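Residue numbering begins at 1 within each chain, and the chains themselves are lettered A, B, C and D in the order written.
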């Protein structure tokens, strides 16, 4: 049985585990004050071309989203997101749990449109009743989106422009940022993101770490971040766990190299799926691929290959996700090809 | 200058003020423990045909919605509402401020559709990822809706059935309940509402009181309601202010009589507007009427008559609201007719 | 039966009710935008000698405390209060409900000591672990305190100095402010309070209004106050209810005159109690008086006079409160004297 | 330089890292549904003699406390804790951030007294104003306490009895539970804790894990725990990180064996400190030892040995903490002895 179920089916990239082992018995101070955290911060600032950036390490994506969003908003404000944004749909109300509304706009292949964003904000302030409404306080993007799609540089620039014109911080959820940056179809770099956003995170959990996300505030960070992290229950005593991993991920371009590997695997996967006549739900240039499968085929496939249920397509079809990652192997791809060459896929 | 701006442009019905004056110097205990509150509760139970009901008095609608909804939900649950529901749009995020998401469904003339509601809930539990999502914990209706429209008895029954089948309390926002109950086109009575809902409020602020809403839990109330009211900052020291007013509103059917007066005025208003060729935005059987006006006409109208901006219709037209209430007079209606008979309305 | 149970046993001062009646049918805009609210704001600014002050009207004390405190604090901060402060003890956790800790210091006849305050704040920042602790973000005083006692001008000045030196806003809960300002033993004026505090409220509920507190931000108000009030469920549609009352309270010095009446009654009350040999729990220069009564005496007293249980003193004695107010009459005082002259009080 | 700074200065026990390495490339499902989590749950249930227990894994102590406490409380309730309890002092207000007050009682060597607890609760319900106050909803203990002290079995039984008589769940913070259970002076076993408490956690972070706490609900767990964990931002995608570690900690009694090692080291440490004439701040039977040091001595000590500042003792003395752990070595102890045998410690 092979698995394309997600990009978090394996543990950590072996180099990260090796470094955890090598540094394991060094006595270190806690709460992110150790030299590995500091070194990781320095390397991330360099990679972002953001020498003034504040960088903190958190454990997971929902935790990061709730913490950053509530730290950037004032009580009367909400966060704008696409209706398919992760914070809108699959975080169990973690944003609302901090007291803030998610203001949803239509999605276009998982993305916000800068024109619609601008009209929404302009319309808000033009509405005579707006003081009785939730103020648009910031904008949330995911990049890659939940559908594996990417903003182009000009799209990001347009959104950033609208945000700055309206004093709304722009926050980018980079749970799978490496896969976005290494896509063959992107013109967006990490320094672009640092330049255009006010906060973002570089996802580790889905890109080679056991756990961990590096949150970057390129210019100005919220005050008293350590206390904020503590009061969200998000401060790890052994900050080294995150520091050592990110330090290694940003050594010798490992983060980018393993992301590139996942993209290469995704391109090979797409090639196999196309050859076998599969129907794509949409075109994704990153590591997540979405297929429309006949339910009987899906059942058969699942006997050999783990994939993720995404959503019901119609009464007889289902949308499923296949994800590659740093841990995908050629053997996985070969086996998938074999499965698709046997009945009931090919008669 | 006359005003159809809202149903809260005047103070209180004179009988309520008179009772406040008559009882003013009686020394009474605080926090809702006085005999006027108790008498009002008894009369409301009788009017609802709900002898076991718990009744509490609060100051305003948003306070009531936030308190009741957060008292009925558990932390992992949200409240389902129409996308035009007051809690979705015009309460400044008061529900989210208590930590809960408002789950919106499409509106049909301001109303939820029971079929869509059922499909939403069924779809939620069928979704393999639903444990990562906000659980549908209760349903919010407004009756009349924000557009003055009303649920029929069979619509309410269908929604109540879906709620009970899915263990979701049904809560009805009756900010303008009197105007709904006295509409010429309704088949819904107060006992029907008490039978079909798990919580609702009988609006006072917009139906003759200085302030105040009577919240009714027909069968089972949340525990420790007084403390809950206190911790929401909603407990008035002089509970008499609300008790005396509701006691009088439910004496000799005053609440219903003044609501009927507003409906009669609304029907007369509709007649005038129709005669003058005005375009209605939608058909409303209650005290709120919505017109589409040419912007130039609107400007002229506003020199003589206060009306509410509702929303932009298109570049040259606006939707406005005219509301009648217990305080509308024949003189108001006559004057409106005069204004509409002069240029620029009639050439 | 007469009552000294509290200072909210009666309705409103008759002049306030009369004004509500006189203005009742004027069509007014809602949410505090009417001319009575505006006039009341102007008069309050003048009385405070604070021409730049922002003034808003809320319904009750707990609502006011929770709203102001959460508006002035950032998420990592708490509010310092005496351990007997109303927010520490009798608001059902309303402050914590907004996410903030109440940091308690010892009370001295209900008051904070500026030296202890300074040592607490200095000690906090000197503590190597303080980033893991709740930051002292503001200071809460009640004046008069829950025990009827008053800060002297020099005490207020000292506390204000500590607050400013540590960037902590100073907030004064003036639920009974009139009775404090009119005490025969105070050297504190309303302009002093406006000068020394960053926020305070002038209590109406306990000083002649049906309900209502006037919140004053003498120099700089929190942003988006109307929306903040709305999201706390504290915005009354008929803002006139509060505006008309405060406009009248601040016409011709009514607020001060009725407060003075209560103080005169309290002095007469103290005289009677002293003559009859009652034991005072503490010396109070305002309208609340605290006695230690033998439980048998208390039971007998309560057959004729309503008083408030305050706390258990020992197995056989109880602390009770007698409060005067604007509505106390000479007849009340005479009757109390009679009761105390009969057995079991005098043999 | 050696370190007794804390029990989280090292990474993980090598056996845990080895298992993470061995299982690293197995494709596993996420969010705690993998077989290692399941196996760990089974072993923990057995160790607790609680076959029906619900067990979940979280990342850290503050996260666990905030999540469990808010899951067990209703909105009108607070949690009782000793004034020195971790939730009262060093969690940055994380409990209040969830909307609940920490109700503090006096500490006795860090412990609650069951008699005081009972009197507090009885007094609460006897107070005529208690409906205006925060209800005591549950009890929080730490065991070992923040001062390294332990409850005896009879003390735990008394507290549990008071809790059950008053329908208050009893929750035990076991951040260092292993060190408590392996103390030479305890009569409390893990099954005792499971029998007497309604919720507790078995600390991993401070007892050999990279991170992680195992939360146990011995009889009845709160509903919808996975969603609750998610909405607190506490759900790790790679649940294996916690599952593998706890599975190994509860294999062959490793958790207890490494805890015993720390206790043995602590006893040796105490012996050395006693021999060298150090003054203990209090008697601790677990892995944390508290000394009162002259400030000059402390400065000298810190050139060779990392220790934790605990609190100021007086102008010239400081309380410091020395902690042993699973990672303390004989070499650490020998070196400490050497340091203490040199000036300025011994002349």
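Points worth noting:
By definition in this document, contacts are C-beta pairs under 8 Å (C-beta built on N, C-alpha and C of every residue); 3 or more make two chains touch, one makes a residue touch a chain.
This one's a predicted model, so the numbers in the text were calculated from it and none came from an experiment.
Farthest chain from chain D, judged by C-alpha centroids: B. Across the two candidate interfaces, A-B and B-C, the one carrying more C-beta contacts is B-C. Inter-chain spacing, taken between the CA centroids of chain A and chain B, is 42 Å. Note on chain placement: the centre of chain A and the centre of chain C lie 51 Å apart, centres being C-alpha means.
Rounded to whole angstrom units, the spacing between the C-alpha centres of chain B and chain C is 34. Among all residues of chain C, those that touch two or more other chains are 75-76, 91-93, 97, 99, 131-133, 227, 230-231. Partner chain D is touched in their complex by these residues of chain C: 75-76, 78, 89-93, 96-102, 126-129, 131-134, 309, 311-312. By the touch criterion given at the top, residues 2-3, 5-6, 8-12, 14, 17, 20-21, 23-30, 59-67, 91-94, 97, 205-206, 210-211, 227, 230-238, 240-241, 306, 327 of chain C touch chain B in their complex. Across the complex, chain B is touched by residues 70-71, 74-76, 99, 131-133, 135, 223-224, 226-228, 230-231 of chain D.
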